[in-house]
Amino acid sequence: MQRIRISPDPIDPAAELEAFTRKSAGSGAIVSFTGQVRSSSPGGKVVKLHLQSHPVLTQSAICDAFTDSPVLSSATDWRVVHRTGDIPAGETIVLVAAAADHRRAAFEAADFMMDYLKTEAIFWKKEICEQTSAWIEPRAQDYADRSRWDNHGR
Amino acid sequence: MQRIRISPDPIDPAAELEAFTRKSAGSGAIVSFTGQVRSSSPGGKVVKLHLQSHPVLTQSAICDAFTDSPVLSSATDWRVVHRTGDIPAGETIVLVAAAADHRRAAFEAADFMMDYLKTEAIFWKKEICEQTSAWIEPRAQDYADRSRWDNHGR
Amino acid sequence: MLISYYGRLADSIGMAQEECALPGGIATAGALRGWLAERRGGYADLTDAKIRIAADDRFVEDVADIANAAQIAFLPPVGGG
Amino acid sequence: MLISYYGRLADSIGMAQEECALPGGIATAGALRGWLAERRGGYADLTDAKIRIAADDRFVEDVADIANAAQIAFLPPVGGG
């Protein structure tokens, strides 16, 4: 079982959900999140994102954070698939999925994983628009979302 | 576009997500929830659920509640697929999906739809276990989850 | 008039639907509850205020005139999806 | 020693990787920052404390001895997935 996959290959969200759901039959609740490259941004019309990861640290940091998380301990299973490299507008950057016995735990697990990925995961992101391009850092909202989990389960 | 589908046909969550994602390309964020018949319950090992809906009121009440919802007004699109009739353990009862520009809105939309479906939607549910069978009403937790939305956006 | 019993009501009454001819004095949804409940055992549940009534696919209050409805549905508290 | 520059550092420095032979006096991660930054333009960013350093795929503090590392990575603040 490979819970975390980071690769430049295109992501097929339906195929990922199908494989995950088949493995999790009987869990009761499965939540998936699919993040796509938005076609417009403050910089203009987006052509593509360039996502860079570290060949070792990106995966190991996600693994450490998720394995130790009290939020994910309520999930029966979870999955992260993250694309890197050049990703055209409209295509999928990330898919996370979580299974749990009850829906609240499944929602929280997926929500937590995304908040982590958006703020702490080791990715560098360059947005290439028609006229400009720029390296992007997390929005203030992303950090606020992430901080919701700081006292979870304590 | 048929946002709400209630039918005794088996649900293929991956196919539903695929169709929804194709329509929503560029939205940025898509959340899906899949609810399956759990294989065990306080009544014992579950054989199947029997879900009954009303031929007119079930769909119209969901449509009214969701169309008027401030939570769903932040979503660019949403979908409800609900199975009725006899549903064997492990199979999918319900799939909801929500698309939005940002992930928080997509998560909240899917979460809200499920809380509504679990408490207010017009379904009657009988759990058929190996030894016993019983009509099921929402858990106290379901009502508590639902009440989280009462003041949303006001 | 076609009367439908949903959820656990179909089990307690022993059928999901029946065709009834209403006697002249029974004109409101509330009166229909009482008339059905008095007819025979298993129908007592119908007088529970938690059981809602729909006439021709619309929810109605007990005071509503249902004498001309083609279909009446008795709906127990919902169980969630 | 293979030195890698991630994210916006590769743009400001003009390359993603380079092979460097460290002079004798440069033994810690912090000293490496200063030595690289002094060599030529574009490297000034490396002295920013927000730029983290990994030696052989492990994060290290500025005081860490990196003289025997095979690979050093300079990692600017992450951008999120």
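Read from first to last, the chains carry the letters A, B, C and D; within each, the first residue is number 1.
Simple rule for what comes next: contacts are C-beta pairs under 8 Å (C-beta built on N, C-alpha and C of every residue); 3 or more make two chains touch, one makes a residue touch a chain.
Just so we're clear, the structure is a prediction, and the values are computed from it rather than from any experiment.
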Steps needed, at minimum, to go from chain A to chain C via contacts: 2
Whole-Å separation of chain centres (CA-atom averages), chain B against chain C: 28
Between chain B and chain D, centroid-to-centroid distance (C-alpha), Å: 51
Whole-Å gap between the CA centroids of chain A and chain B: 23
Inter-centroid spacing, chain D versus chain C (mean Cα positions, whole Å): 78
Of all residues in chain B, the ones touching two or more other chains: 35, 118
Numbers and ranges of chain D residues touching at least 2 other chains: none
Pairs of chains in contact (touch as defined earlier), listed by label: A-B, A-D, B-C
Touching residues (chain side chain B, partner chain C) in the complex: 35, 51-52, 54-57, 82, 93-94, 117-126, 135-138, 142
Complex contact set, residues of chain A against chain B: 13-15, 17-18, 21, 25-39, 89-90, 92, 101-104, 106-107, 110-111, 114, 118, 141, 145
Complex interface listing, chain C residues touching chain B: 6-8, 11, 54, 57, 59, 73, 75-81
